[in-house]
Amino acid sequence: MTLFIISILIFVGVEALPGDLTEAVLGQSATPETVAAFRKELKLDLPPHIRYLSWLGGIVRGEFGNSLANGRPIADLIGWRIGNSLFLAATTAAIAVPLSILLGIVAALYRNSFFDRAISMVTLSTISFPEFFVAYILIALLSVQLIIFPSISNINAQMPFLEKIHAIVLPCLTLTLVVVAHMMRQTRAAIINILASPFIEMAKLKGLKKTRIVIFHAFPNALSPVINVVAVNLAYLVAGVVIVEVVFVFPGLGQLLVDSVSKRDIPVVQASGLIFASVYITLNLLADMLSIISNPRLRNPK
Amino acid sequence: MAFFKLLRSSPLSARIGLAIVLINIAAAILAPVISPYGETEIVGDVWVSPSPDHYLGTDHLGRDLFTRLVYGARNTIAIAFVTTVLSFMVGALCGFFAATLGGWTDLSLSRGVDIIMAFPTLIFALMVLSVVGTSITSLIIVIALLDSTRVFRLSRAVAMDIEIMEFVEAARLRGEGTWWLMRHEILPNAMPPLVAEFGLRFCFVFLFIAALSFLGLGIQPPTADWGSMVMENAGAITFGIFTPLVPAGAIAFLTVGVNLIVDWFLHLASGLED
Amino acid sequence: MQNPHILVIKQLVIEGQSGSQWTPIVKGIDLTLKKGEVLGLIGESGAGKSTLGLAAMGYTQQGCRISSGSIQFNGMELVGALKSDLRRLRGNRIAYVAQSAAASFNPAHRLIKQYAEAPIQHGLMGFAEAEQKAVDIYRQLLLPDPENIGYRYPHQVSGGQLQRAMVAMAMACQPDIIVFDEPTTALDVTTQIEVLAAIKQITREYNTAAIYITHDLAVVAQLADRIMVLRHGNLVEESDAREMLADPKEDYTRQLLSVRTLRDGKALSIFDRDVILEVENASASYNGSDMVLEEIDLSIKRGRTIALVGESGSGKSTLARVITGLLPPSQGRIIFDGQELPGKLADRDRETLRRMQMIYQMPDTALNPRQRISKIIGRPISFYADINGREKDVRIKELLDMVELPATYMDRYPSELSGGEKQRICIARALAAEPDLIICDEVTSALDQLVAEGVLQLLQRLQAELGVSYLFITHDLATVKAIADEIIVMLNGRIVDAGSARCGLRNHCPIGQGAASTLIIGVGLNGRGKNKLPHLACLLTRLRRCVNGPIQ
Amino acid sequence: MEETVTATLSPICVPLPAHADTPKKGGRLRLGLSGGSTTDSLDPATIPDAVPQSVNWSLRNNLVEISADGKPVPELAESWESSPDASQWIFKLRQGVEFHNGKTLDAQDVVESINHHRGKDSKSAAKGIVDPIKEIKADGKDTVVFVLDGGNADFPFIMCDYHLTIQPAGTKGAEFEKGIGTGGYMLVAHEPGVRALTKRNPNYWKEGSAYFDEVETISIADYSARTNALKTGQVDLINRCDVKTVHLLKKAPGVQIVRVTGTKHYTLPMRTDMAPFDNNDVRMALKYAIDREQMLKLILRGYGSVGNDHPIAPSNRYHAADLPQRKFDPDKAKFHLKKAGLSGHTFKLHAADAAFGGAVDAAVLLKEHAAKAGIMIEVVKEPNDGYWSNVWLKKAWCTCYWSGRATEDWMFSTAYAADAKWNDTFWKHDRFNQLVTAARAELDDAKRREMYGECQKIIRDEGGVIIPMFADYVEASSNKLRHGKLAGNWEMDGQRLPERWWFA
């Protein structure tokens, strides 16, 4: 249902953009005749609602249709890009999620210590820089000065896995720096919040070690907010990384969407928009489910 | 005054944050006075190193970087501030409405926000800005609206927590209208989390503008704003020229400052002593 | 020779932080505890009894510090001891039972895991052995299904059981001392008794010394060998329990001990037969299908007080919501002063709303913390009567005077007031509307004994002066006895009995005859199963003791 | 190290000895190029930008190609001749040329390939340039005859257009994406907007050409990313260097800068049909209000040459070198503005970097210059997206660029003739239009030079366009790459880099 409304919104949105695909593709060389002929070929001369309905019909049958701009099947176009986007997101998440949770726990454990303050300043600074700037700095340091990692991550299907991993180290690192701060701070806040609970005092009065209290008593109860913030960041990693894709020439979905918007390639915009929306919705659902599973109160009703 | 008393008890970090923010605001207000050159005046060669003539050197067009930075403070802070205020007005209002009225209003507002949030913000902004053009006004409105979805969520959640309090029920039983409930019962109690969020959102806004500038939809040149300045000069970093670090540093500086205050504020509001 | 005292506290001063200042909470108290002895610490909130209790473990809460004095446990000095040494002691040699078991059990872990944690972490035994012991202790504490109850999560067990599980947890390492911090305060009367019995039994059995902290003399009388009365961080009186109960030396102690005064027989007013509110055949539910209230009939006379009693979950508060219009009834009528009211709050006119006011259990949440007292009380005045400016201020002062508060409170925020004062503000706010009926939802249960009594007296006085009616929702029998003209007993969403309060309680009617006894059955039966009726007699005696004060 | 090769069409160029070594085969060339998009296709009718241009020309050939000297030389056509009035052209095709799929090239392939751009239903961007073709017919298997609607002495130049590549007859729709042609490389993989991988065509008919084993073309839109990729050796060549940083890039080890002055120029078209630009004094005022030298220095960092408000580059055949260079002259600007009675008027200049890199900066710079002449300009930054459809040809004054044309006639009849579709100044000048038509059919070289000279003067003094500068094509490559004389008709050696360059 939500997806349906989103698809209508996207359609209306792209329709509302000035110009259409033909003008965008032909650019400076558009003439009224060529534009008209082009439109006819792409059936852009039909009224919008008919185009929408035929698109919807295709989706119901499981067909995304073809790109207007280059006539390729959208499923092919999107297929490997979403694979790439997910690959990047998964790799980043594999580093960022454990790292930020660990840092969050440690920061909560030694809160107001030098370590806590240092880590909070560092993460704060990383989110305070524009994303592309972090990327440039990393490139300048790790790719240009010390030639360790490639500065562009144009992975392709033929690449072996390890080479792929090597290629995406820098975008991964950039994204990690961007998301870790948020997740870590939330983890820390959630745990500290829990630390005010009576059962934590109880645990202290049982003579437990600080580490055990934080990990065994506070963290399990802070899971729900942590899961939620992780979900939000994962959704961002899949859908919101256009800038990193541009800087690192990474063939992800975001760039496709931006290109398609600028070329008014409606079916591609629709399809990728829907994918983003479903990723977002799925992740949120997943987060809700995990929250329930992590909470014995909800998992084992009376 | 209560404020100064509070200030005296504030931790060092909060004082640093406050100082940072005040410096920025002062720079913003006094921009025409303290800047040695005109905002868009070309005064020298491109990317000149710092010298007594140009404290921070020049930018990619040969304009004085210090001047640009100071004017950038003015524009960036003003725009981000207006945007944030707008987004809070819209977001908090809708959030409170949703929480107080509940039912159908809540459902439709929340759904609507869900739908907007399901679409990547940056791309959404990109699309909308392509339609309406990139004047400062449209930039402010579009970002404010996008941002207000986040504010909506927060204020709705906060208002929901307050809404179940008995003093709200008492006011309801008294027969008070929705507006009174929102204005007098909910808003004052929702202030601490909202103020904290305001700080964070404020920082987010100029980072967001910087991202938009990167994609070519930012603030119009020659208006100086930090995000565009980073973007315009970003190419230099590859060659070991520090110019883009200056506006980026300014962004980071202010963000850190605001966050330090926010942390302190949250700490005060939570009442958690540690 | 071994010191007979297991715990010796000398000249202990503990300070608490308020703002940037340190103010003493415990002001130089001496305390000794022998092996196996139960010491009762009694006092109102803010007396410093919890702080003192925790100090026995060498622990202070955040924002507190021990500034001078000494605490010796078994000859070992705890003040200034190494953190690791203290940790080895806590949970092992000295254990703690907190006020709210529901909050003090980690909701994420099973009971047995939390039970076993201390012994395992202190290296006393492995999990299997701890598990074995747990079952034993659970059984001794009369927990149902002792073999399996440990494998439940905290939320799956009732409050009384949870509190007993916490006692069990404290016993896990067989400590020398257990600090009980108001372990029964948050419980219903009946469950209180169960827990008290369990504590008594188990401490005797293991010869464990205990510090028992409470504000309720009735409770401490059951358990303690010796009692210390604290007030404002100072020791008021200390003596043997029997001695103190029989012959208190200090006024303050006497005040605490004094049995609540029953109201005098009230002269029937001319309005006596005048019914202000009638509820006819009302049913209600939150989700449309599961009825929370079923076929409720009720009438309240002008100038009288009706007490609505029942355990939590019996539907008392829901009934209040139905009457106020917050929850429209699915069937039935609500007639106020002869007029049928619309079910929904939004459909009622302002005049009706004015005439029916409500006072809540927790004054903390019932008062907007961001409004000054003048605004809280002033708003109903300007809202209903459209009185503003000086006239309003005069009226506010009158109201403050009525609830026995100084006029200077006008400019204060609720957080600057004590609990009892806040509740008085709530009353003033209700009175500001000049209502005919005030619904009081557990208005005294969050207050200390003496304060609560003051509030009840105030309410009675106001009733006499203003002729207002009260619908009094409570689970506390003492309150009922103190204030009600009539009693209605609710159980599982139905009214199970009704009748006159005074005759019921004053006459100690046998089971099944008067309203009060019905109440007791209702209370007793709830959650225990009707086939355990023989147990009731014993229960009743204990209950009566609680109600009427200690009989030893 | 830097090397300047001026003048594609001028004879001054001497190949540098360093690059005179003999070409050799082998290696994988990796190009990191701007100008690609995920919506690119290999249908020559809709090729928009550098990446598909380069890929298309590695896969396919034209009838005629422009040599490094700027002359039309035979490619798939072996030779051609025209009727005396230049209105009929006969192209003889090369024998034995095979497509990648094994089919042999014949006249029908050519006819269909050109017809792809003609006719009512054509969506081709090249429709405008093939419009004058009245008829195309195959005369046997290896001769194609073009009948034009008027004489055009420069017709072979037209056949060099990058859209007019030759595909096998019958190619349509998605088949274009297979990239079948007669070119030096065959398509292995193509992911629009990401990369294209081609490998050498072992049967390539063109001798001494296509030296690389493989060519990988990677789209890198972000300039810094391109620079970094080159510096870190992930690509061998990048196009469209940011002139602001070229001097820094030059210092990087293993990098060489390749620059060519071509016909590309930046323009600021004013609509002569709209107030206030319908007044030539206003146009003159603005033309005098611009400091071209400083703009060239700051915007192009010297990588280009100043313009003289007409679109004919010094490298063009009939460039009027004797025309005095227009200088920054605030007094004259004031004078003209006053004459127009518009002192104190604020002019709106619509700019976006879509027009050319640095367009917005240039506009801002112009604003500063004009301010010295007391002229107020407001720079309106337009979004890149939709710039060509919403701003160009719509707003009264905006920024624009032209890649230029190989011939004067082509340039003039595309953008300056009264009936031209892209007459972006909406300029109508009778004398100019007569001259252009006459010169097109004129065969006498001296007369033609004279006519085109006058055309340039008219545009300069009465036209609606400010042309502050011609921009070099600036590329940077690994110094392992070698090349011959560079062509200037397009960037990257006339977009023929993959088949003309080699590894040392």
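Should a chain be cited, it is by its letter among A, B, C and D, assigned in written order, with residues numbered from 1 in that chain.
In the analysis below, a contact is a pair of C-beta atoms (placed from the backbone, for glycine too) under 8 Å apart; a residue touches a chain by one contact, two chains touch by 3 or more.
None of the values given here were measured: they were computed from a predicted structure.
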item	value
Result of counting contacting C-beta pairs for A-B and B-C, higher pair	A-B
Rounded Å distance between chain B and chain C, as computed from the means of their C-alpha atoms	47
Centre-to-centre distance between chain D and chain C (centres being mean Cα positions), rounded to whole Å	87
Approximate Å spacing (C-alpha centroids) for the pair chain A, chain B	22
Inter-centroid spacing, chain D versus chain A (mean Cα positions, whole Å)	39
Residue numbers of chain A (touch at least two other chains)	17-18, 136, 139-140, 144, 246, 261-262
Numbers and ranges of chain B residues touching at least 2 other chains	126, 130, 234, 237-238, 274
All touching chain pairs, where touch follows the definition stated at the start	A-B, A-C, A-D, B-C, B-D
Chain B partner contacts - residues on chain C that touch it in the complex	17, 19-20, 62-63, 324-326, 345, 348, 350, 353-354, 356-358, 360, 362, 365-371, 379-380, 383-384, 429, 433
Chain A - residues contacting chain B, complex	2, 5-6, 9-10, 13-14, 16-18, 111-112, 117, 120-121, 124-125, 127-133, 136-137, 139-140, 144, 192-193, 195-196, 236, 239-240, 242-243, 246, 254, 257-258, 261-262, 273, 276-277, 280-281
Complex contact set, residues of chain D against chain B	223-224, 227-228, 231, 242, 244-245, 248-249, 298, 301, 352-353, 360-361, 364-365, 367-368, 379-386
Interfacial residue positions of chain B with respect to chain A in the complex	13, 111, 114-115, 117-123, 126-128, 130-131, 203, 207, 210-211, 214-215, 227, 230-231, 234, 237-238, 240, 244, 248, 251-256, 259, 263, 270, 272, 274
Residue numbers on chain B that touch chain C, as the complex places them	9, 165-167, 169-176, 184-185, 188-189, 191, 273-274
